Amino acid sequence: MTQRFRLTRRVEFNHCDPAGMVFYPRYFEMISATIERFLADAIDYSWQDMGVFSGGMGTPLGRIEVRFANPGYLGEDLDFDLTLTRLGRSSAVFAIRCSCSNQTRFDCDATIIHARTGGGSSVPWPDAVRARMAAYLTTSEPTDEKTTA
Amino acid sequence: MTQRFRLTRRVEFNHCDPAGMVFYPRYFEMISATIERFLADAIDYSWQDMGVFSGGMGTPLGRIEVRFANPGYLGEDLDFDLTLTRLGRSSAVFAIRCSCSNQTRFDCDATIIHARTGGGSSVPWPDAVRARMAAYLTTSEPTDEKTTA
Amino acid sequence: MTQRFRLTRRVEFNHCDPAGMVFYPRYFEMISATIERFLADAIDYSWQDMGVFSGGMGTPLGRIEVRFANPGYLGEDLDFDLTLTRLGRSSAVFAIRCSCSNQTRFDCDATIIHARTGGGSSVPWPDAVRARMAAYLTTSEPTDEKTTA
Amino acid sequence: MTQRFRLTRRVEFNHCDPAGMVFYPRYFEMISATIERFLADAIDYSWQDMGVFSGGMGTPLGRIEVRFANPGYLGEDLDFDLTLTRLGRSSAVFAIRCSCSNQTRFDCDATIIHARTGGGSSVPWPDAVRARMAAYLTTSEPTDEKTTA
């Protein structure tokens, strides 16, 4: 059965714009934090482990799409639910739903690449990492082991 | 002939992550600033004019997609070039290319809705605003005056 | 006995600069969040309650000073411990120590004013608010009920 | 005669809080940018030159104090005027005034240390750097060449 990773964040004053709603660049910080915590806590392969500071590996974004459904407001507890819709040889596509009390705030698709830092070439996921990530896949089809990036 | 709106931003320390590259949520602040300056400077219909602070109109995002091509680095002067690919009755789709010395950093499609603040209903663009925005359309086809949102 | 309010924050990637340490403007977001949560959770007088969005009251900063002791790093759990060193008629001085495993990151003194939003005049704390805040005072001397701001 | 370094920034939507004023952590990003541009443009000793990314030198903050005078609002052009009030062997104290049309927003004193990155020991300013910085000193007294940090 597909696992799901959840991060919950309280909307604070610093996230809100003069219209009193969450300023959307702040959502991207929360999306980044969701991926960061997923890799560290669920996959045991944190950015520090990858050596993102020391010329090792990182997970730059290839593409991100967000479809907004309802505005978010100060004081709300937002749930960020992450699953995978695709697991490539050296990439992964996340589906992240942000909701509050089951009302959707937005849906996000984000493609990350496992690659050398500094714009370097992509590198296959380590086997153990790949195995742990597969538990979060929502599709039944086998992941394509031969796909590049 | 299609007009194009350009905002240029220097990448500063505060935009960069521990991997030494632009942290992508900062790009969304720059995208927001590009749309903000376009509406204020090119269209003469700023968020203040709309009354975004005082229960008037705003331009919430409906959808945004960014496709990253190359990482951005400290000290670069980034050009954000904005045109419109669609102008609906109460919406607009922007195409924003971010580049540095003509090398693409990312391409962005962003749909904004002209709507009452606080998650309110959409409202048609004022005629004068609409006319000025049309100059930035890249498509030759007539804009659909009857499309909702 | 003096009470102390604690907020704990994990240092995330989005808080860190290209030197791999916490970028200090992010600390000020955490300081703001500490004061925000203190007022809401410990004092039961949140910014929403004050009407910060609707032309009511707010708590603008009058002065802030931070003395840095040690750099903060990615992955650290930072404790923000807040007490009061002074409680004026319509102001308060917070002492906030940020530490990780009891090693100090910085010490902060921050003066807030209870005032009408938009740069308006100061207004005395409501009695019930004042009474709850007094429990966090570290000084034994009586607070000066007559001091302005 | 004392020189002064000026950075001007337009207040954008992303700098403002739900009360419609500049959210003060954003001011610290602007203060950081003022120091960044001063070192790079006026002193010709940028953070990149120091090797802040590559295990070289940096200029961590030792202490910062800000006294707020008036709130800042969306659309304002803020001038950040920087001079030095002290130039130590391996430190410097900046006085930064933020104003809009000569009305003060805040006054800031910031002490930076010239030190190895990662919390390392302080290192004297290079002579050429020191000479260029001295032109921005507002005090007539000789700087103390022997003072540590």
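Just so it is clear, A, B, C and D label the chains in written order, and each chain counts residues from 1 on its own.
Here is the rule we go by: a contact is a pair of C-beta atoms (placed from the backbone, for glycine too) under 8 Å apart; a residue touches a chain by one contact, two chains touch by 3 or more.
Model, not experiment: these values are computed from the prediction.
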| field | Chains touching both subunit A and subunit B | value | C, D
| field | Of all other chains, the one whose Cα centre sits farthest from subunit D | value | A
| Where subunit A and subunit C are represented by their mean Cα positions, the distance between them in whole Å | 32
| field | Separation of subunit B from subunit C, taking each centre as the mean of its C-alpha atoms, in whole Å | value | 36
| query | What is the distance, in whole Å, between the centres of subunit C and subunit D, each centre taken as the mean of its C-alpha atoms? | reply | 24
| task | Pull out every residue in subunit D that's touching 2 or more other chains. | result | 13-14, 18-20, 23, 25, 29, 32, 53, 74
| query | Across the complex, what residues on subunit A touch subunit C? | reply | 12-14, 20, 29, 32-33, 36, 46-48, 53, 74-75
| Hey, which residues of subunit B end up touching subunit A in the complex? | 18-21, 23-26, 28-29, 31-32, 52-53, 58, 60-68, 70-71, 117-119
| Residues of subunit C defined as touching subunit B within the complex | 13-14, 16-20, 23, 25, 74
